[in-house]
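Next come two complexes built around chain A: one with chain B, the other with chain C.
And then the complex of A and B:
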């Protein structure tokens, strides 16, 4: 047993352990959540957050940071709730254009060697602006098929759990287990050596940013499937949530060290933190603060684990 | 023509060029009267941008990963606690200001301790901590808008010959900060750490002490800005700091400070602050709707970075 509990394994397990602890606390406080229906309610909103966190993770992986993700998800939610519902062809084209725009942003950042923080900061205005033009007042409605998908009630296991597992596994296999994924991650670790080995850094950056755009689009669609309508500011808090989720899940800011499974777990942990606090009957004023406190706590635990790692 | 090519190479020139062209467009569209008014408004609002941007600039100069995301929460908390304490009583102005300073010192210290002990990137440290500060502000504010003492409100909007007094004060502070940055041991240490942390450490600079002072300074500037902004806008509100997060970073970068760290520029801060305000005013003058205004604002920020970007290269 002791052999498996090496600090390195602990570090990998930490996100999952934090989630388990949080879930246990929620079950203890409110046993009724320990049912199919309860879990469904509890985890519903975690799906779009998990998708956004995966999107952020792709950007973190190439040592960049996306401060426009929340605005971008809001935009795709607006497109989903309007064009994709009314004129599906136009909607699909617009969403595809969003993904292409993200790829182009990656190319621009790479070619001109720009700081991603500032470029995405500027782009957040652009995304919000377009979203306001598309949907000046909150409204729209979710396309029927997305609504159906997001409210699926499979027997035995609630849909959000299945969705989270599928998202985590697909990205894990694609990014962590495939040859192409290794090259993509290598750019975060050592760009020069990847370039010397003959791969185009430009193509890697464009791929990663396009993937981020794609998952941003998925996140917006999933969100609209749950809320059934959208507005231009619907997902602004996703920017910070996605960064925090990625880090909670074991990601690092530099070096291409990311973990798709961890990112999904981190996102769910953050989404659950809110419910946990309301079950605690904590004053709503402290909700945001407690999320910050949980974040700090997990990071402190991680430090404890990795300092043991170093000693051994 | 050598002076032109020399000027173009200055990092702050683009911000000022942008500010002047925005002003020319506004004046061209709506005449000199409006041009004068908008300049005065730009000085007022730009001053607040500059106050937070000075602190953010020192932080960003420390090198990659150093950004203070707790500025909005710090502004809100400082303004809320100070306004609540004074409760409109002019006699309590000095202790109120001291409370505001105290909030800044406490937040700066907390931020630094998190960075030091958790060894997490400053972005995440200040982000997580800002949730706590924001919650404290929400808890103590309860959604009310506590009016500032009249004296403070009067001071924040007072003008001498059309120039806000606060602007003059901050101009003097800016000059002081330029001296601090380029002529003192602390300022040069910040630049050295930003250029190469390892080399700075080997040269005997106490990196952590420099980092501590920088984050402390940034939080204090933010809290002071919150104090005066509450006076200026008639009270502390929970969302008062919202736009200052993006603004502080945008102003620093457009002003010619390197995002990669190690190179800071105070002249550009003023140009960039005026530019950001005048840009929004210009778009209003042209009668664009909210959506187009946002798009053009974002596009121009990105364009400025792309054009002036070569020097920012990591």
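And then the complex of A and C:
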């Protein structure tokens, strides 16, 4: 038994354990959630957050931080609800251009050696500006196929759970189990040695930023599929949620240490934390603080585990 | 002491029974209504929540409904409110009354609620999902009447300053649209500047103080409510003559207007939506739960205060509050049958 509960295993299990504890508390407080219908309602808004968290994770993986993700997801949501619905070709082109723009940002940050926080903070205003230009007042409508996908009611297992598992597994296999993924992660851990081994750092950064852009686009599309229409400020919370979710799920700000499965679990945990506090009937003025307290609690637990890990 | 408390309890219990038998709506006595509100950071919203609280606790006490709880989101964000609505469905509320962060982007969550058999009533910030009930105010006209009032006062026209609300909220777009339509019809006016005051005095004062040095002489200030007093202070601080500032029914605005009226005969008007519309939304939800037929779209008039009705309205407005009209069940039934 003790052999399985090494600090390393504990560390990996911590995000899942926090989620399980939270879920148990929610089931206890509100037994209605323990049904197909309940889980669906409880978790469906976590899907776009999970996608945004994966996007942020790609950036964290190369030791950067993206402060524009919320604005970017809002922009892609606006494009999805307008162009992608009215003129699909233009919509696809615009969304592709968004991904390319993200890759170009990665190149800019790498070539000019700029701090990513400053560049992305600046870009967040650009994204919001374009979003307001595309959709000055809230509106638009979700393309029928996205709406159908996001409101799918498969038998037995609710769609949000299937979606989360698929997202986590696909990214896990691509980033953690493939040869290319190892190089990509290596840049976060030790860029010099990756460069000496003959890999282009520029290409890695551009790839990671493009992947982040791609998942940002997915997040915006998923969000519109749920809300049915968009708003230029629809996803501003996602910047902080995605960073918190990535870290909560076992990622680190430096060192290329990330976990796709953890990131998805972290995102779901954060989304559930909001529901948990609301079921507790906590005064909303305290809810942001309480959400922060949950984050600090989980991170403190992790610190405890890591310090034991180092001692061994 | 003990005895009198006991007596009071008996009395209130007796009153409670009496009220139940008078309103006779036993059908909804086991129903739960929730208020989902996106923002509470100004005097109007505070008054709206107070009206809800007062009305709802009375309705719960006399057994009209089982619960009527208010929930406010912390960050005024669409995704947050959508999650809140879904949580309210899970908590088993029979009706959800919404003041929405966005008219469109909550439709997914509202549809989920309707599909789960929950009655959805939106007011002030309404939602467009067809299955929801809407209690709307003609915000567009609320902007337009301000310019029309100014046209009646200033025959020669002149330069105007516009103070807008919270950027990106549809109420702000509607009122502003009405103002601009009014200006287009009255070519003697020109809007020289436009700032966002977020419907709050302090924000408005800062914003107006910031733009004033770049403006010519301003004849009138068109507003959205909650911003008039701040604008007046900014003009005073800049040493500029006070223009005609349209007020928004807040206590500090009405007080300032009264002081000016007594001191130098200052004339203006005041217009806003009464925060007590939340109580109308409550009764509409209760009536729908009771099985009554209610039109999907209801409209309520806005509350206008003129030079003559100033004193009366000021006397009825709480310090820090907003001139208010609260709706009883009878008033609400009258509104429903009028529509």
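One rule holds in what follows: the second predicted complex is superposed on the first by the 312 of 312 C-alpha atoms of A that agree within 3 Å, B and C clash if a C-alpha of one lies under 4 Å from a C-alpha of the other, contacts with A are read in each partner's own complex, and residues count from 1 in each chain.
Operating definition for what follows: a residue touches a chain if its C-beta (ideal position, glycine included) is under 8 Å from a C-beta of that chain, and two chains touch if they have at least 3 such contacts.
From a predicted model like this one, the values you see are computed outputs, not experimental measurements.
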Thinking of the overlay built on chain A, is A:258 touched by chain B (first), by chain C (second), by both, or by neither?
neither
Quick check on the superposed pair: does A:119 touch chain B, chain C, both, or neither? Answer first, second, both or neither.
first
Output check: A:65 vs chain B and chain C. Expected answer is one of first, second, both, neither. What do you get?
first
For A:230, is the partner it touches chain B (first), chain C (second), both, or none of the two (neither)?
second
After lining up the shared chain so the two structures overlap, which partner does A:303 touch, if you call chain B first and chain C second: first, second, both or neither?
first
Quick check on the superposed pair: does A:175 touch chain B, chain C, both, or neither? Answer first, second, both or neither.
neither
Please indicate which partner A:288 is in contact with in the superposed arrangement: first for chain B, second for chain C, both, or neither.
both
Contacts of A:30 with chain B and chain C, given as first, second, both or neither
second
Looking at A:79, would you say it contacts chain B, chain C, both, or neither? Reply first, second, both or neither.
neither
Chain B and chain C footprints on chain A, overlapping residues
132, 285, 287-288
Touching residues (chain side chain A, partner chain B) in the complex
65, 108, 112-115, 117-119, 121-133, 136, 240, 243-244, 247, 253-254, 283, 285-293, 295-296, 299-300, 303
Chain A-facing residues of chain C, complex
40, 69, 71-75, 77-80, 82-84, 86-87, 89-92, 102-109, 111-112, 116, 129, 168, 170, 173
Chain A partner, complex, touching residues on chain B are 65, 67, 114, 117-121, 123-124, 127-136, 138-139, 142, 246, 249-250, 253, 259-260, 289-302, 305-306, 309-310, 312-314
What residues of chain A sit close enough to touch chain C in their complex?
30, 32-33, 37-38, 41-42, 44-45, 48, 132, 137-140, 223, 226-238, 271, 274-275, 278-279, 281, 284-285, 287-288
